[in-house]
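Down below is the structure, laid out as structure tokens.
Letters A, B, C and D mark the chains as written, and numbering starts fresh at 1 in each.
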Amino acid sequence: MPETTIESCNVKRLEILSETGDADESMMPPLSDSQIRELYETLVRMRTFDHRALNLQREGRIGTYASILGQEASQLGTVYALEKTDWVFPSFRENGALIGRGYEMYMILQYWGGDERGIKIPEGLNIFPISIPVGTHILHAVGAAIAAKYKGDKAATLAYFGDGGTSEGDFHEGMNFAGVFKAPVVFICQNNQWAISVPRAKQTAAKTIAQKAFAYGFEGVQVDGNDIFAVYKATKAAVDKARGGGGPTLIECHTYRMSDHTTADDASRYRTKDEVEAWKSKDPILRLKLYMEKKGLWNEEYGKQVETDATAMVDEAVKKAEAVERPKPADMLTYTYKELTPRQVKQMRDF
Amino acid sequence: MATMNMVHAINLALKEEMQRDKNVVILGEDVGRDGGVFRVTEGLLDMFGEERIMDTPLAESGIVGVAIGMAAYGLKPVAEVQFMGFIYPAVDQIFNHAARIRSRSRGRYSVPIVIRTPYGVGIKSPEHHSESSEAHFCHMPGIKVVVPSSPYNAKGLLISAIRDPDPVIFLESTRLYRMIKEEVPEGEYTVPLGKARIVQEGGQVTVIAWGSMLQKTMKAVEGVDAEVIDLMTLNPFDEETVYASVKKTGRVVIVHEAPKTGGFGAEISASIAEDAMLYLKGPIKRVTGYDAVLPLPKLEDYYMPTVERILKGIDEVMQY
Amino acid sequence: MATMNMVHAINLALKEEMQRDKNVVILGEDVGRDGGVFRVTEGLLDMFGEERIMDTPLAESGIVGVAIGMAAYGLKPVAEVQFMGFIYPAVDQIFNHAARIRSRSRGRYSVPIVIRTPYGVGIKSPEHHSESSEAHFCHMPGIKVVVPSSPYNAKGLLISAIRDPDPVIFLESTRLYRMIKEEVPEGEYTVPLGKARIVQEGGQVTVIAWGSMLQKTMKAVEGVDAEVIDLMTLNPFDEETVYASVKKTGRVVIVHEAPKTGGFGAEISASIAEDAMLYLKGPIKRVTGYDAVLPLPKLEDYYMPTVERILKGIDEVMQY
Amino acid sequence: MPETTIESCNVKRLEILSETGDADESMMPPLSDSQIRELYETLVRMRTFDHRALNLQREGRIGTYASILGQEASQLGTVYALEKTDWVFPSFRENGALIGRGYEMYMILQYWGGDERGIKIPEGLNIFPISIPVGTHILHAVGAAIAAKYKGDKAATLAYFGDGGTSEGDFHEGMNFAGVFKAPVVFICQNNQWAISVPRAKQTAAKTIAQKAFAYGFEGVQVDGNDIFAVYKATKAAVDKARGGGGPTLIECHTYRMSDHTTADDASRYRTKDEVEAWKSKDPILRLKLYMEKKGLWNEEYGKQVETDATAMVDEAVKKAEAVERPKPADMLTYTYKELTPRQVKQMRDF
């Protein structure tokens, strides 16, 4: 047997809801009408928040901000599949996932406004602080998953990162540890086609991100990231598997960053309008709306009400964020260690 | 001679060196079509093409490690790390390889790379976008560390760094990028590595600073008989100029953005305390960032040494 | 009370802490069946099983990053990095995460990990097996750095480090591992972090050392009226004890294995030059490794400070 | 189309020469009888060297040493496929590859004896110095390959690493850069089943190392690493492809570390005698000998002569290595930089 095939792999893509709002009913996850409405309302709130944050930045009321426009379904579909005991490890672009997980919007604004108290996660909410260095927090999600397993907790952890993040060494080490220790972790790659100005094709020569899981001995799947049913279904299956001892899964949410990388970026320097236009018809909220309309779950009046409610909630969040008193300079020294060092005690006297 | 800011001066240095030597290539995240997140490499892709201006995958160890391989093969790569807070994944390649390949191979191979990276507080961005971690690189024999404080010096030092036969970490203050404009000659000139610059002569106190802290220092010394030294190269630093000044003034203040403990100010102070102690009239004062994790933008201005804190440091040593 | 070497003392500390607290787990390369390349974790796999003594894939960033995640979830991981020369891939996780998660989350999460790693010249192995890079970790607020110099202190300090609520880098001199035997109590005792130890009282000169250099220092001071301070914790270091001794003797020699420039000796010297200058009779001398890439075994004994060089340093400061 | 297959991959294994010395002639690479003899003679020299080095270490005449016992075919088969213009980037376990590439044996001993002048590679020999930190030099091979391509040189680079090395972030980043830049590099993984005490199955949950290439969009293949014909053939194809612009390849040489990890290790602590015994019949030199015997290329007399010659050459190398005068202490400071710094000049005065 001179040349034999010793292993093989097929990479699958999951789609349920089409651009026209038609769902493959045989594939539909079991979601009640009220759950579907909840999804829609949350998506609209996320988008309203995002839009407002961009405006606040333009007005100088918060600092640099990373928009989630176009990625709402990838973010909500994933957190919506979680139990309260599960854990979310976000990167900087998970404002939507945070909102979907019940994180206070005003705190998100506080964070982007330059105040770390905005990511002092309340007890009981299993979210890890936003991680800015790309890819690094993947390892934390794996570590927490191993710890959960050790403690016998029925919990899965979710690590969020972008297509760019898959190039970092920590992505690799995290995926590999997860495979070896069969850790209850789900890797969510929001492949939004761009890492700042670098297109997906220059990020890796692999045809899909999903296939990278094969290198670590577990399953990877691509889903249409603008299809909230597909995202939800794949994530639900993966977290259930994880909690059941079945080990990790990589989910590639194939989506698109409709906005600039952040407010400090100008995407028109490196990508065409046409490319952006082409993705507009794939919009995740539009698609769900069309579906709901066909099902009799959406009409103009309902749509208006949802928007009004979202605006009111975001207004409230902005007001609350801006009412928070400024942090005190001395605050920067507290929490370096559990207790101040003698030298820090001296340095505190400056304030 | 044109007046330009530091971004343009660095861009010009890169352009001229690439025109002069086709072994000079640039690699990093977003350095191509985007021209770098600070626009430092703007226009270079169109002039030199994708083979010489390489947008890389998002991987700092990869960028530096690949640059090392290119350099060993005979190129002169200028690698960009997007922010100094993201240089840490590349520390292994810098310390364990870039710094050592000449020594390890007893001179057969060398690593003439430049690693450019923006540093310091300045752009009101989230965590990790404001670090000043120069001291780490000064504690690695085999590595040079250069920090310009003005457009003119930025261009001249960068040209020297590119031509230098050894690996150079080149730190660019984000706060200075567009703050100061200065006359910068077109065409070739160099500012030598390893030499400090006396920005202002004075007799009562020596104030040593670099990069982002020079401007604030100059403001603080207004009306003070201070000798101000812009170190420019931190490793190897210009002991001679420093000691000569200490001999003259007998008083020393060192200013840097990085946290105090283990910052490069410690090395300068310790060197003086070892080699020039007898000239000193009193304690050596360090005015630095706090021993704290760098705060988010709301507090970052309190983190950095202010003009007031520098002045207070000067006042303190002037009591002796 | 049994007499044992440092390997056994550390092993004992690990065993007792694991018995006491089932949140303590160990992870690293070859820590399991092999018992670690220095046998420090020998026997622990059989006692505690694979879930608590985890042989990991060969990836230092992975080991530390995973330990951080475990710690944030409530465990107390003791991670081993096989040699300090291989800690650099983990620097990003240590600096950008372990050091900051408490601050970033304003106290909601913390990272009570210990990273144990053998350091220093000692075992005649190839390149990268002999590094002393403690200074880097002392320049990162949020990290503690501990270096025992004897079996008794190794056990007591490690227990403190494991119970400490913050991340600790714990350095073990390979040269000392089996060199010294000492009485080490079974059962619980701690040596507090942040406190130095006066090993010998004296009036003429203060000699400050840690870890691997303490033995050589003790040899060098035979017959000298020297006060010898074993720093034990480098960050935060015990300023009080150091300054009190400087006040008494007026003369200082600092000894470390790492290269001179930017070594932790600089911080101690600079702190003295800032806060205790007026007690000084003369220059502060650093006796250190050279500013060179650490050589292969044939020259490594010349690289490290020798008893003669320490003595020469003492003689120099005694001239004042 | 709810769930579709969007990409797939088959992992192949190549074997030509069986344990009994029978070759699949249809697969045989074109090697002349004298080339086959050269291979055999070099393999014997490598093993003789290795054996001697272990003895020298035991006698305290060199320091820690990493044996290549069992991996000779993986090392020779790969370098034998190279042109002079190609480049070798070795880790610490490539003593055999160095010998096969024409590196002086006495210098290898000088290096393991603790003298860096032993890896001052002579001009004209395209070898990079031994890299001790696992996985890190993979990036250098990729960088050199990109540089060679940029300069228009017809050269490929070869990066050597072990199964353990595939877990490091640098392996991942190197593979990914190579894929993206279509770099003329060949990755040689000597999967010898152990990374010190950690068995292959605990290093990664992937069934093979070869399949990891799929994550980077290029081809990976497993070869029987104790079958020098298969190793040679796969490497030759890969370097030819690389030089021809076809991009990178990952070759997994499936072999076994017959010895301890290094002389500082005791493998009996963590693996069974039976496992080691089972690999003895797969010995790469024995296998080639049986083949040659069947072909009339080997007889007792020839075999003895080859061993005598090898011993003489190794004796000579030991003599030469031990005649080298000790390095001077001041040498440690030279070559830190091109020129000594002022501070180093002062430090030099100590010597």
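The working rule: contacts are C-beta pairs under 8 Å (C-beta built on N, C-alpha and C of every residue); 3 or more make two chains touch, one makes a residue touch a chain.
Just so we're clear, the structure is a prediction, and the values are computed from it rather than from any experiment.
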Item checked: Label of the chain whose CA centroid is most distant from the centroid of subunit B -> D
Notebook entry, point to check: Whole-Å distance, subunit B centre to subunit C centre, using C-alpha means?
Noted result: 30
Notebook entry, point to check: From the C-alpha centre of subunit A to that of subunit C, how far is it in Å?
Noted result: 40
Notebook entry, point to check: So how far apart, in whole Å, are subunit C and subunit D when each is placed at the average of its C-alpha atoms?
Noted result: 36
Item checked: Between subunit A and subunit D, centroid-to-centroid distance (C-alpha), Å -> 43
Item checked: Junction residues of subunit C, two or more chains touched -> 56-57, 59, 61-62, 85, 88-89, 92, 96, 103-104, 127-128, 141-142, 236, 261, 290-293
Check: Of all residues in subunit A, which are in touch with two or more distinct other chains?
Finding: 116, 133, 167-170, 173, 176, 180, 202-204, 335-336, 341, 343
Note to self: Thinking of each chain as a vertex joined to the chains it touches, would you call that graph a line, ring, star, complete, or other?
What the structure shows: complete
Item checked: subunit D-facing residues of subunit C, complex -> 29-30, 32-35, 37, 55-59, 61-62, 85-86, 88-89, 123-129, 260-261, 290-293, 295-300, 302-303, 309
Item checked: subunit D to subunit A touching residues, read off their complex -> 1-16, 24, 26-27, 167-173, 176, 179-180, 182, 202-208, 211-212, 214-218, 222
Notebook entry, point to check: Considering the complex alone, what residue numbers of subunit C touch subunit A?
Noted result: 25, 51-52, 54, 56-57, 59, 61-62, 64-75, 77, 89, 92-93, 96-97, 101-110, 141-142, 144, 165-166, 194, 236, 239-240
Check: Given the complex with subunit B, which residues does subunit D contribute to the contact?
Finding: 87, 116-117, 119-121, 123, 128-129, 131, 133, 136-148, 150-151, 157, 169-170, 173-174, 176-177, 180-181, 335-338, 341-343
Notebook entry, point to check: Okay, in this complex, where on subunit C does subunit B touch?
Noted result: 61, 85, 88-89, 91-92, 95-96, 99-100, 103-104, 127-128, 133, 135-136, 138-142, 235-236, 258-259, 261-275, 277-278, 280, 282-286, 290-293
